[in-house]
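Multiple structures are listed underneath, in structure tokens.
Each of the next two complexes has subunit A plus one other chain: subunit B in the first, subunit C in the second.
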Partner chain A sequence: MAEPRTSVEPALRLRDLTVTFGGAHPVRAVDGVDLDVHPGRVLAIVGESGSGKSATALASIGLLPGSAEVTGSATVAGVDLVTAAESQRVPLRGSSIAMVFQDALAALNPYRTIGRQISDAYRLHHRVDKTAARKRAVEVLDRVGIRDPERRVDDYPHEFSGGMRQRAMIATAIVNNPTVLIADEPTTALDVTVQQQVLDLLTGLTDDLGMALVLITHDLGVVAETADDIAVMYAGRIVETGTVLDVFDHTAHPYTRALLQATPNLDAPSRRLAAIPGVPASGANRPTGCAFHPRCPFAEQVGEACQTVDPHLTPRPGSALHRAACHFTAEQELPHV
Partner chain B sequence: MAWYLARRLAASVVVLLAISFCVYLLFYSGPSDPARVLCGKPCQPERLSQIKQFMGTDKSAVVQWVDFVKGLFVGRTYGTGAEAARCAAPCFGFSFDQRQSVTSLIWSRLPITASIAIGGAVVSLIVGMTLGPLAARFRGGVLDGLVRGGSLLLVAMPAYLLGLLAILVFGFQLNMVPVSGYVPLSESPVDWAWHLILPWCVLGLINGAAYARYARNQMLDELGSDYLLAERATGASARRVRRTARRSVWVPVTTLFGIDLALMLGGTIFTEKVFSMHGIGDLLLGGVSSHDLGIVVGTALFGAALIIVGNLIVDIVQGFIDPRVRRG
Partner chain C sequence: MTAAVARARSPLSLALRRTARSFGGRLGAAILLLVLLAGLCAPLLAALEGQDPHAFNGDLVDGNNGGNPFGSFGGVSGTHWFGVEPGTGRDLFALVVYGIRTTVIIAIAATVISVIIGATIGMAMGYLGGWFEAVLGRFVDFMFGFPTLLFLIALQLIVPSSIPKPVVLTVVLAAFGWVSTARLIHTQTRQLAAREFIDAARASGTPLRRVFVSELLPNLVGTLAVVVALSFPATVAVSAGLSFLGVGLDPSSPDLGVLIGQSITWTYTGADAGYLIFPSIALLLIILGATLLGDALRDAFDVRTESGR
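Up next is the complex of A and B:
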């Protein structure tokens, strides 16, 4: 894992990104998210269902439905995808920022061959004829580890296995060498044995192509093995962020720790997995003060502040990049249990 | 694909034989005896058995069916000697009333029915595939409301009612088009089309309304699917994505279309009646009212055969549209 390259311009920069789903009862799915993703690095966005991680991803690529109101900025290649006109966003999608979806079977067009889908994606951004695009498709399929790509290029998605489909979708995403790749739960639908191969492929591509990879997951085991940086989301906000080493070794937010304790670990002595009490908060039923306080074991020790005052992300002592939003740990480490 | 086709074809032949058996049994076990009808009143028993022998209805039902199926493939001869009537293959039966094979009767009426059916089918396809996706695109808007309301009305409306209304308005009130009769295409293509325009629109609107509903719903389902979101993520414009979505709309529409076209080719009974055109529907209707069982069985089977062939073609076309079908 490389050191953070803060001096380099981030490939994707989110500032105060806020997503509200309208209607009679507006729901704030993402609430003021700031993130930088640097070339060649893997950022994992972690959280429970409804924490806003997928909405953050879709807002970053400008693909939220019209019913969603997006404010703030998501800057890729110098263009803010939140405010830019659709005609400006279209050419950036696929070429500068691309996306891999969770369920490859649903996300690949069942009516078209794999090769057609990859070469179509390529031809959207390159003026080449079909033969050249097909050659490129074979090349990319080979790169993502499809055996015998020359032959498989003419297969339909239903003729591929689950792992191969996910590889094929990664191929459509990277065919134009994007600077940012967003992978939304890319391994959730896969067998455990295949999961690792797909993660290795993604990290390998990140290194080779110098992409910035945003890995959206709820699996901290995946984070530990693949990510450089991590952002933990709860109820639409980032509650802790930093390098994976910092966040895992010096966990500053009680929610992060609860997630870690709920993750099985083969290396550690066997213990009961700790469930997080209560129900996850979401944009629709956000508690006052710190959104996590109804479920937080430290809220009583801190007292009223947790229920009334919204904690901000504050840098941790010794590391400016490791920040957490917690009243209890504002000046100290989380006690070991 | 070849294997898929072979299996479908074999299945079609089996189904066709089974249907022919059912149709045959059903009609010949009915209360109306064609021999008695032909014999007239008064009818001597010797004369009746003669006629039965001539028609071949003196044999058991199964043997009659075997004769019929054989006739389909090699043709058959009714009676012997000077009276004998030859029915060439494919023999769909014989009308003893008109002393003509049902095949030649159908053949003489087919141009009229085919003109109505094919034209109506083309109109229905244009209506459905234009309005459906458009309504989906402007979901919740005025056009969508019009398409949904109008299509519901049209789907619920019988062809003869819409036909009569059309005649009343465009024929009599506005005096724009002829209200009845058929002019062969070979005689005058303009008059041919001019006489057919009302039936085309009637059938086209009624069937097209159903296609529009299916197309709209399929389009909406499809537009919410992951693969189109993924296509947008590769940099495809919204317009291009809609074009991709339209392909899947053909799946439900071709299914309906194939069956509808086959149904119409087998005889558009109401439409032909309303517009006074003597196609296969008219032939069937005449056969029923004159107790001419040969015509009834023959046209019914012809219609059934068309539906099976239509289904087969639909399956083949769907195999091209959706590669997943080929495995099924």
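Up next is the complex of A and C:
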């Protein structure tokens, strides 16, 4: 695993990103998220449903519905996508920042051939004729591992298998060599056997194209094998962040620890998986103090602070990047999983 | 299926193939084609019979019998295949084939215009949403509850006679025909807009106009085909109904609705039923053929025409 390259300008920089869904009862889905994603590195955003990981991704690319109020900044290629006008954002989408969705069957237009969809995405950002765009589509399909791309380029999505569709969607996303690729649960809808292939493809592309990959997932198994850095989200905030080694070996936040305990481990198959007690907090019913305290097994040891004081991200043992938001002090390491 | 169509595997061509395979689709298409061909070749068919729809034949009707045609069943004979029109003695076969032409041209024009208007408004409402959808939605509801028929009758009376009647009829039919199309396309677009491929298209930098043309429209082609096929016969019926009520076309023009409207009076007063039956069969065949085809298309595309929310 490569050492963090903090000197390089990040491909995607989020600062104090906050997303509020309006209405009679406003819900703060994302609450002051700071993140840097560097070229050639894979950042995994991990969390339960409703933790705000998808909202963070959609806000980064400026695709949230109009009912969502976004503040803070999401900078790609020198442009802040939060404040920029739609006319400024549209040319950046696809060329600088692109997205791979969870369900490729839903994310591909059923009425148009795979080749058309890829070459159209290419022609949105390149002034080339249809023949050249088609050639590029075949090339990208070949790159993402579609066999016989010359022939398959004219197929419709329903003629592709699940794994192939996911590859085709990745092809649509990388056709313009984006600097940032956001993959929202890219393997959740796939067979286990195909999952690994798709993850390998994504990491391979990250290395080859020098992209920054943001991998959104709830699967820590995926993270361990794929990611360089991790950001764990709970109730709209990042509660722990660092390199994969930091977070797995020097786990500093009880929530991360609980997630790890809830993940099956082939090395210790006999252990019963530990469920996290209680209900996930969300932006709508955020507890006082630390949002995790009602479910936290260590809250009693720390005392009242957990219920009253909102913890901030502070440095933790491990690399310079490792930080966690927990009242358990930096000196006290949590019991290892 | 032969190798020639082996490449045709788009969802669109698959659905069209399902339509072509279904009994209703084939029958409907055959009937429609037959009647449309008759309308298209009206001058040819009339010439074949050796008659002219505008020629009066006073010698063929019995002035002493209220103008009823001589001969049985409205004067059917080798020279007048469907008999003649009571009173004027105009050839009924020529009137019917010319009438098909008038009726079909008006209905096609009105259907095309109303579907274009309805699809545009429906797509814009469904995709743009917000206040635009709210305001237009109220307007669509208003139009839906509007007493269209009364308005059409009133409108026909105040439109200046310098504007040709067929044009007035077409515009009026289109102006009120788009409402149900807009509703259907609105709900379908709303469902489509929530699908991920629209997000995916936007994520790759597709501008708004292209989202409509390249992403939404291809997915609505099936629905639009069904809408056209099913609203065409409805338009035929309404247009014939208006002419029947005497507010559509001029009474002298060859039109199925006009013919049927006038024949009713004659049939009441004891004339042979031929004058009523021949134009009615032509009208029935148009509507039956188009409806059968439309139903087959709807089954093939699996379109739910009920605009439930």
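What we mean here is this: the second predicted complex is superposed on the first by the 328 of 337 C-alpha atoms of A that agree within 3 Å, B and C clash if a C-alpha of one lies under 4 Å from a C-alpha of the other, contacts with A are read in each partner's own complex, and residues count from 1 in each chain.
Everything that follows uses one rule, which is that contacts are C-beta pairs under 8 Å (C-beta built on N, C-alpha and C of every residue); 3 or more make two chains touch, one makes a residue touch a chain.
For clarity, every value in this text was computed on a predicted model and none was experimentally measured.
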Superposed partners subunit B and subunit C on subunit A - clash or fit: clash
Contacts of A:P110 with subunit B and subunit C, given as first, second, both or neither: both
First, second, both or neither for A:V90, with subunit B first and subunit C second: both
Contacts of A:T172 with subunit B and subunit C, given as first, second, both or neither: both
Which superposed partner A:F248 touches (first subunit B, second subunit C, both, neither): neither
Which superposed partner A:F298 touches (first subunit B, second subunit C, both, neither): neither
Touched partner set for A:G66, first subunit B, second subunit C, both or neither: second
Interface residues of subunit A shared between complexes with subunit B and subunit C: 61, 63, 90-95, 98-99, 101, 103, 106-111, 120-121, 124-125, 156, 158, 169, 172-173, 176
Residue ranges of subunit A in contact with subunit B within the complex: 61, 63, 86, 90-95, 98-99, 101, 103, 106-111, 120-121, 124-125, 156, 158, 169, 172-173, 176
Parts of subunit A lying in touch with subunit C, wherever the complex brings them together: 61, 63, 66, 90-95, 98-99, 101-103, 106-113, 120-121, 124-125, 154-156, 158-159, 169, 172-173, 176
Residues of subunit B that touch subunit A when the two form their complex: 225-227, 229-238, 244, 247-248, 321-324, 327
Residue ranges of subunit C in contact with subunit A within the complex: 7, 9-12, 130, 195-197, 199-207, 210, 214-215, 218-219, 221
